[in-house]
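Have a look at the structure that comes next, please.
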Amino acid sequence: MKLNQLTITQALTGLKTKKFSAEELTQACLDQIEKTNQHLNSFLTLNPNAISQAQAADKFIAASKVNFNKYPLLGIPYALKDNFLTQGLRTTASAKLLDKYIPQYDSTVQARLKQAGAVLLGKTNLDAWAHGSSTEASDYGTSRNPWNLNYSPGGSSGGSAAAVASHQCLFAIGSETAGSIRVPACWCGVSALKPTYGRVSRYGVIAMGSSLDSPGPLTKNIYDSALVTKVIAGHDPFDATTSSSPVNIQPAKLKLKKSLKGIKIALPKEYLVKEMDDKTAKLINKAVKKLQSLGAKVEQISLLDPHYSIDVYVVVQRSEVSSNLARYDGVRYGHPRTYFKHEAKNRALLGTYTLSTGYYDQYYNKAQKVRTLIIKEFNQVFKKYHAVIGPVSPGPALKVGSSKDSPMFGEVVDMLAEPSSIAGLTGLSVPCGFVNHLPVALQITGPQFNEQQILSLGHIYQQNTDFQKFPSTEYD
Amino acid sequence: MSKNDKVDVNHLAKLSQMTVTPQEAKKLQKGFKEILKTISALDKLKTKKVSSTFQVTGLKNIFRQDEIDKSRMLTQEQALSNAKKKYQGYFVVPAIFK
Amino acid sequence: MTNLQAFIGMEVHVELNTKSKMFCGCPAKHFQIKPNTHTCPVCLGLPGALPVPNKQAVDWTVMLGLALNCTVNKTSKFDRKHYFYPDLPKGYQISQYDQPLTQTGFLTLGSGKKIHINRVHLEEDTAKLLHKTINGKKVSLVDFNRSGVPLMEIVSAPEISFGAEAKEYLKKLTQIIKTLKISDCDMEKGSMRLEANISVMDQTTTRRIYPNYKVEVKNLNSFRFVEQAINYEIKRQTALLWQGTKPKQETRGFNPKTKKTFVMRSKETAEDYRYFPEPDIPPMVFTNKQIARLQSQLPELPEAKIEKLATKHQLSSDIARLLVNKPQNYKYFIKSLSIAKKHQLSPQKLANLIINKKINLSQPVTKQLQFLTQKQAVSQSIINQVLKDNLDVVKKYKAGKASVIGFLVGQVMKTTQGQADPNLARKLLLEKLAVKK
């Protein structure tokens, strides 16, 4: 096994026992990137200081073993979605408008990962401004699905998902407004967590939907997701929407539980949408049976049709997007506003409409009221159930080119992730099978600030199945 | 929400300072018609007695103390580092006539 | 048109003198600071930056609202106000729209007329723009040191009727703000900015409460200019109405030399600010306890001080007002009361001495009062002189006409040019007359 193919846990063990150095580990990733990025277009910018950061990690490791408690990701190479600011390293949000932007400060997530000793490999591709669900809207060309280069990796964190699936890194960071972590994780067959809104700081993340954006990890298994989230989560005085509640993530405890006895899970029948692929539906049912065999009670319930969530999400997100793009005037940074491309214009203009005088009440305000209905509904569900499950996506990855000429493409693809995102809940994506050689995943959603509960569920499911696989990356 | 809401794309472009070519405007106009039709489904839901959720976390009264925080302050050089046009410590923009 | 009345509303912006800015920890000080040296990602509007509100600024705004008899909104929030301008780094200003911190208060003028305050709310200031010609080309320069400084907005109802009333309103408002010590209200430094909204309406021909247009006058740099601008505008608008023309809704500036207003820009259609609640800042909720605590932190306000002086020390309201208007005078007065009493100097007399600058405020009062009362002791020889010069009156007194003492007191006052204490003079005269048999 090549070093870059290790999981975080395996790599930490190897580093601790001095089987290899952090520099070797980082170099293995860089080699893989060099070999495969031309096919995948997952990385936009490489960190020129990656090796020196790895060397610094090696010095720490040589100093004392205790260091791993203080630096839980010491020496672990990762990829960061290019909408997270990195001081001194170009950050573009995959938009040509920011082609030359060199940030003057680090996002909190980046600062915490650095503090934990992790090694930044580079910045990954996304739909420009995170406006999309396939990475095709990137101003730097689409990324490709490591399982089949004709297919999209999903989006907007497509670059991050592709980087993890192709072993270009050991973990990646993405961000989700509604589906942007879970859908690419699903389409690329990796594990991922969208933390509760307010669990991880948005400070230094180029804002898309301010009341929705949630940074989170994409990893090679659920356990690694827990490790990474524990490092980046927690109150940030620079982000007034982060919670001061203690971070409920204990990776060690995940290993203790083996059965799902006593767990009650809800499966909304409305999530098995009309757009759903038959084969995918079968795999979801198979997953349900697996959970039941592990001791869980799975019951079908009725929830508000997720199509309503699309409507709420479109209005709220685009309104906030139109506002968040207002600062790009080319004076203090970036190119002029003429550099905005079609999708940004599409979203900004509709968002301007839904906020304008005379329309605010019937659109934005109305959407925020339906949002309350969705939240209340979930609150009721979580009184009886520990988690809500369903497919992440109605089917596996779509072919590159599917997003053309569809004004609501992104929001339709993300339909199944939207209800939980609108309610600010936490949800994970865990692989549950293959359709036409493309991965499909199960989503497990939990109540706000209860990441531990769903991580435990996901981990146990994963330990008892064998769907966490990785494609061959011999593309030449 | 009327399905016949005609969206003035050019007015919106002006409001949001986006440049839109006539072809783009046409495409956007068509798209908006479709979107507005779709989202009008929200009208079916009764929300008269429902309050709006602007903040899902339930947080309230988040403040900072009135203290100077030097850790985030930028030097003049840093502040200007990405500007296309600068002059003696200032950002330069086309003349604004009062 | 028989009943043309002017409706004037004042919009006052005041920079709070907090240490740090409204939504970040940069120093709020920006006057005469090197450009773009007090900035951070937040106030510079960099991608990804987020606002966190300054508690002191919020508390002070609530306190001013309370001082202006406003109701505090138990739930308040910030909203985004969108427009594009180079001095606005985010393309929106974080301000307050439909749930301001405080609303519906009033300020009472000397005439007893109440000017209602619509709201006192909190927002952030914009950057500073300078205009320059570089290499023959006209450009504007932007300095973000001021961007993000806490700014309070005080909006009055259009109930002011003429220039002098506006001036009085502004003076009183400024006095209250300065008493709270939350701003230096310095128009030269720009920590206080004034705008007047002026309309004229014929009250007999319409059932409206307020006119259906308004002319905004900006860039008024002194209370005097406000008064002049308003009076000019009332004339101008009245003339138009007499012609049968409705004045245009527009923004005007004021020329202090010509004492006339001029058109700056037309404002036929209101700007679409696309307000929506600021998603980056959770709402603010106030309990009765918190409001009571802020109320208790209010210092004694000018009107309360004036009333106290009137009731406790029998000062006339004019004298009391003169004292309160000059904080040094007031402080000195209060400090010196007990010493003045020891020297049998009445509070009224003390007040007069201070107001007429007969006392040096930088010197302790004891010595000065000794000297001043000594002055009055001098009148002993004057007493003798007056009695000598008015023997016929003295005779009348001795004959039983007690009331003539008033005339003799008057003579003492005349001789001492009003310096003598009439009560003391009276006392001394009576003593002397009793002796003189």
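Some observations on this one:
Each chain gets a letter, A, B and C, in the order it is written, and its residues are counted from 1.
Everything below uses one rule, namely that a residue touches a chain if its C-beta (ideal position, glycine included) is under 8 Å from a C-beta of that chain, and two chains touch if they have at least 3 such contacts.
All of these numbers come straight from a predicted model, not from anything done at the bench.
Among the remaining chains, C is positioned farthest from subunit B, on the basis of C-alpha centroids. A count of contacting C-beta pairs for B-C and for A-C identifies B-C as the more extensively joined pair. Centre-to-centre spacing of subunit A and subunit B amounts to 24 Å, using the average Cα coordinate of each chain. Per-chain Cα centroids separate subunit B from subunit C by 38 Å. Subunit A and subunit C have Cα centroids lying 55 Å from one another. Annotation for subunit B: residues 15, 17, 54-55, 57, 59, 62, 64, 72, 74, 79, 91, 93 touch two or more other chains.
With touch defined as above, residues shared between interfaces to two or more other chains in subunit A number as follows: 101, 104-105, 211, 237-238, 240-241, 322, 325-326, 329, 331-333, 352, 356. Contact with two or more other chains is made by residues 41, 44, 52-53, 84, 86, 142, 272, 274, 279, 281-282 of subunit C. Every residue of subunit B that touches subunit C in the complex is listed here, in rising order: 15, 17, 54-55, 57, 59-76, 79-80, 87-96, 98. Contact residues of subunit A toward subunit C in the complex are 84-85, 91, 93, 98, 101, 103-105, 107, 202-207, 210-211, 237-241, 319-320, 322-323, 325-329, 331-333, 352, 355-357, 360, 364. Residues 100-102, 104-105, 197-198, 211, 237-238, 240-241, 243, 307-308, 310-312, 314-315, 322, 325-326, 329-334, 337-338, 340, 342, 344-346, 348-353, 356, 362-363, 365-373, 375, 407-408, 423-424, 448 of subunit A are the ones that touch subunit B when the two sit in their complex.
Within the complex formed with subunit B, the residues of subunit C that make contact are 18-20, 24-27, 34-42, 44, 52-58, 77, 84-86, 129-132, 134, 138-144, 264, 272, 274, 277, 279, 281-285. Residues 41, 44-53, 80, 82, 84, 86, 89-92, 142, 270, 272, 274-276, 279-282 of subunit C touch subunit A in their complex.
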